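Please go over the structures that come below.
Look at the two complexes coming up: chain A is in both, with chain B in one and chain C in the other.
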Partner chain A sequence: MEQKNIPPKNISPKYISKASLKAWLAKVKDDGRHIYAPVTENGKTNFKRVKSVDEISMAHIQTAQSAKGAVFPRTEKLFSYARQQGDVALQDYNPGDIPDTVVFGLHPCDAAAFKALSGIFNWGAQDKPFSERMQRVTLVGVSCSRSDVFCFCTSVGGHPGSAEGSDILLTAIGDDGYLVEIITDRGQALVEKSADLFEAAAGISKEEHLASAPARFSVEEVQRKMAGSFESDIWKKQSARCIGCGACAFVCPACACFDIQENAKGNGTGDRIRCWDSCGFSLFTLHTSGHNPRSVQSQRWRQRLLHKLCYMPDRLSVRGCTGCGRCSRACPVDMNLAEHLKEFERL
Partner chain B sequence: MNELRSKVKELLGSKEIDLFVGYEQGTRLPRPLIAASAEEADRLIFDESCTGNLAVYLTRRELTGGKKTGIAASYYAMRSISRLLDENQLREGMVKVFGLTPDGGLTLLESIADVKQRLQETSAPSSQVEDEWVKEIEDMPPAERWKFWTSELSKCFKCYACRAACPMCYCTKCIVEVNRPQWIQPWAATMSNVEWQINRVMHMAGRCADCGACGAACPLGLPVHIIAHKMVEMVRQNFGEPTEKGNVLSTFKPNDEENFIW
Partner chain C sequence: MADNIYLPYLVTIEKITQEAPGVKTFRLKFKDEEVARSFEFKAGQFGEYSAFGEGECTFCIASPPTRKGYIECTFREAGKVTTALAGLEEGQTMGFRGPYGNTFPMDEWKGKSLLFIAGGIALPPMRCVIWNALDTRSSYRDINILYGAKSVADLVYKHELKEWEERPDVNLLTTVDPGGETPEWKGQVGFVPAVLEKMNPAAENTIAIVCGPPVMIKFTFPALDKLGFKPENIYTTLENRMKCGVGKCGRCNVGSKYVCKDGPVFSRTQLEALPAEY
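Here is the complex of A and B:
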């Protein structure tokens, strides 16, 4: 079922020129696949379904939002219902509506996050909408040639040129083309669409073309300290300025909290909807009784970090943070995550 | 800078304040700092680059509830503080407000009357950028304007950073979270996003400090503060400035004109 874990095939890397890359993507698109790729509008770059491959822009360091919407849309219909003469007719989730999709241009931190999402959505029971989408998505990553002050992938086990999670990984070699690493069968299938556009890439090393991103802390040490700090006052200190919005969770490539809502149409029909939520909201844990087990922001901040850095590695063998830095860029009050994690190292 | 640090340490030491809400150097810009000790107070900064509206922390009960709080207030934070007092959300004597003089010096405003006086004597920072936005949008034909807003707001994913960053959004239960009846669909979708922004701004009528914190907080850079900015101007034109006796939403006058209803 889970095809992402296919070990790297022994295929030697290839090279594709910029012009051929466009031609390849155009072919992929003309074959009926949806392509989600970074598009810049009004100075902001985000993943968007492209109508033409000319819309794609790779000038950014990081898109505002991650690519997780390709498999975990912000709003998704789970099923529909219609009341009929004392009975209810259900129309189950229809995977037939899911298009074959290629996510192009995501960075290694985003590609790696799909493993974290898979861990959450397939813990115990397999989540149908998520799994169905995962089976239809091919991830074409692009290594990072630049980083900024918020990036910290190398501190949480990632790398600007890491192939983990990608089906194909491209690395820009100068301005003219890309080194192409084919990681999975799914990636290979996509390359075979236009095999003639890919050239041999003997002797090209990608290392010198990658962003420099020195590790800022030892994540093992942070995890060890954090696991023993449940009662520490560090949570309160760090979260004092947090205003409790959900920006960090919503831009995070690995956050998977959701809410279930009812879109009742008032005529006996309606849809059950899943939409993004955040463990940083007080409403997330508010019980019907009025009791809230996480009644203050420091408890919610603690949950957020422990879940990503301790609970997920313990239970799902994958971290809930890939160091993309989006939470820190998006935060209205500069809750810089790498800075906060580093503080645990010193506890 | 040093003057603020030593003054805050003095006030914390003498227990005249329990907390100080100020700024420290952040990753790229100044960010909020909640200082409760002399050590933390040593990180404080305060200059014209400190523009975030810190008044948002004054109604956060788990942080400042029942505590005597000092605050480094930008012009707009002072405006928010004045309105929060008018709405009985702050208690006189519980807040010590520090402002900057035009030459960058530090000034302590002991009472809210001093804050209001200060606001009268100071002119608001330029809103030229926002005014140009409004003009640009108003110059669009209605269909284009609708396309602009629905396109921008279609991107909103309802993280509510606009609400969380607003000092006047202090309700413990927001209309968007009321579900009996459900006024606004809580999932992200273009029309429900439009509904949310219209409701948010409508609830600010006569109350909004026009600080732009909502737009600055938006992680997607959506210009939601422009809706508020336009609303502030409309309310001013139709109803005048808010007074301590109430705002346009909380007061009713039999002779209110109804010519704005169409």
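Here is the complex of A and C:
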């Protein structure tokens, strides 16, 4: 954590061929690290722990799920308990179980979202399960050479070639290899042991190998208008067809709302776990009394957008949206976030 | 690396008091002697209480910080966790995380009169403040308490109500909703806002602390307006649903504020600056 954002001094970009990249990742894996990378199965590409680097596929524009599970798993044990005749013994969370992990092949929007997650989990009290994972993860990003209609990173401060959040950023140069930018000490540590696989990269222009992704709106303007639109009808209009399924939150790389639940195993033993949750669910804020501060879907849609675009920048100095477009791709009723955000600009 | 903020302290249930039908008070002692010695909190703070096997519930600490060596919570059996907690017995173990949240600014209130207005199961958060004020009685001027419940049986802390009633330095008014009275009932009959207007407390140099169900708060604020209470002199404590208690899980987020971190105590001035999502 402490070395995370310190850039190493004077490291010039390098080049690695596709064959050498495989050799490098195989070495990283043989050193005992887990590698999470995009794998295509049944037509869907998702981050998975790979047994062989041959499983990795980079043909997608966007994985269905983001890479956040590497530091914020869908369900995670917080501690264990054992009840016995009225007494209780607790077993604390054990970070020793967490492997050193390399997340390979995440796009700049996903890498940038780790900053948003860190903001949420570490403001005030530090979240140990999250931090222990962050300390053991190295992010090897890959710039986007393609984008689709759902992508809008450049509208929310990102870029198809942005290095923010990555420890190492690769950019595909044609079909044969990658430009390698080493961003942090942690990234450097991953490269050091295999230095012979990397070549000098003089004269390669990164920009011409990146996807074109023109900005669609001014996020500052959207943010300003949105902050003053709490009572506006726009929330109802936009969310009239929202069914509150929560898919947007589950695929979002920056959504971090969670539930805490008991995973009872019988015999008085069990784990306290946390699991992904969503402010879009009607039960999220429901009181036992039946009172619900956000009782209708438009209020929950409003919360989702305001939290990401206004409240998080206000409290954590980081936006809760990196423009990956997954929420729009996953939405069963075709709500398009970029289009909806653009509507605020016109208010 | 910091401690695991989700790991509760283990506490022993030292004493259980049945306050009203379905309402119990637990007196809790920390099992770890070092924690028991060093644990500190201030009036208004809350905690997450564990019934291992069922989960956690959020309640304020209902005992005052002036009484050391234990903490108390009062809760109504309503959901899964509170039902599990209610099934525990004296001597058994449960969990506690806290203290969390901000506090009532009791130091700023020194030299002023205090008016407590509570409804039903919302007396517990206020009981902490009331005893805190009574245990440091000379710091405050008049202490007025208006407490209402649905019925006579639903009034909590009946022994303490009697004690407050008998104290010459406390003015207590209790009321039950129409139809909730018994033949022996000597208190008021009527809803809290109406009884408040009848009580007619002086607003000058007085802090009003209001806690109750949303509908009570909704009608009590206008009554306080009529009596001349300024928004900055009215305080309440919010009870949004919570899970983590430390500003991460997202449930209690209201505007840019988190009830668990920025609250639960808010002045009415602060409340009015928030969207009405509480």
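The rule is short, and it goes like this: the second predicted complex is superposed on the first by the 338 of 347 C-alpha atoms of A that agree within 3 Å, B and C clash if a C-alpha of one lies under 4 Å from a C-alpha of the other, contacts with A are read in each partner's own complex, and residues count from 1 in each chain.
Heads up, the rule we're going with is that a contact is a pair of C-beta atoms (placed from the backbone, for glycine too) under 8 Å apart; a residue touches a chain by one contact, two chains touch by 3 or more.
Bear in mind the structure is a predicted one, so any value in this text is a computation, not a measurement.
Per the definitions stated earlier, placing chain B and chain C onto a shared chain A by superposition produces no clash, and the two fit side by side.
Touch criterion not met for A:Asp97: it reaches neither chain B nor chain C.
Contacts of A:Asp314 after superposition: chain C is touched, whereas chain B is not reached. By the touch criterion defined above, A:Gln261 reaches both chain B and chain C. In the superposition on chain A, contact of A:Gln299 is made with chain C only, not with chain B.
By the document's definition of touching, neither partner reaches A:Asp233: not chain B, not chain C. Geometry note, superposition on chain A: angle between chain B and chain C about the Cα centre of chain A is 80 degrees, to the nearest 10. Put chain B and chain C next to each other and count what each touches on chain A; the higher total goes to C. When the two structures are aligned on the shared chain, A:Leu78 is found in touch with chain C, with no touch to chain B. Contacts of A:Phe150 after superposition on the shared chain: chain B is touched, whereas chain C is not.
Of the two partner chains placed by superposition, A:Glu207 touches none, neither chain B nor chain C. Using the contact criterion defined above for the overlaid structures, shared-chain residue A:Asp175 touches neither chain B nor chain C, since it reaches no partner. Minimum C-alpha separation, chain B to chain C, in the superposed model: 6 Å. Looking at chain A, you'll find residues 259, 261 touch chain B in one structure and chain C in the other.
Every residue of chain A that touches chain B in the complex is listed here, in rising order: 42-44, 46, 64-65, 74-75, 149-150, 240-241, 243-247, 249-251, 259, 261, 263, 273, 275-276, 278, 281, 283, 296-297, 328-334, 336, 339. On the chain C side of its complex with chain A, the touching residues are 1-8, 10, 50, 52-56, 78-79, 82, 88-89, 91-95, 213-214, 239-241, 243-244, 246-251, 253-256, 261, 275, 277-278. Every residue of chain B that touches chain A in the complex is listed here, in rising order: 26-29, 31-34, 52, 56-57, 60, 62-63, 155, 157-161, 163-165, 177, 185-189, 213, 216-217, 219-221.
Taken together, the chain A residues at the contact with chain C in this complex read 78-79, 81, 83, 86-88, 90, 92-93, 95, 120-121, 123-129, 131-132, 230, 256-262, 264, 268, 270, 272, 274, 277, 279, 284-289, 291, 293-294, 299, 303, 306-307, 310-311, 314-315.
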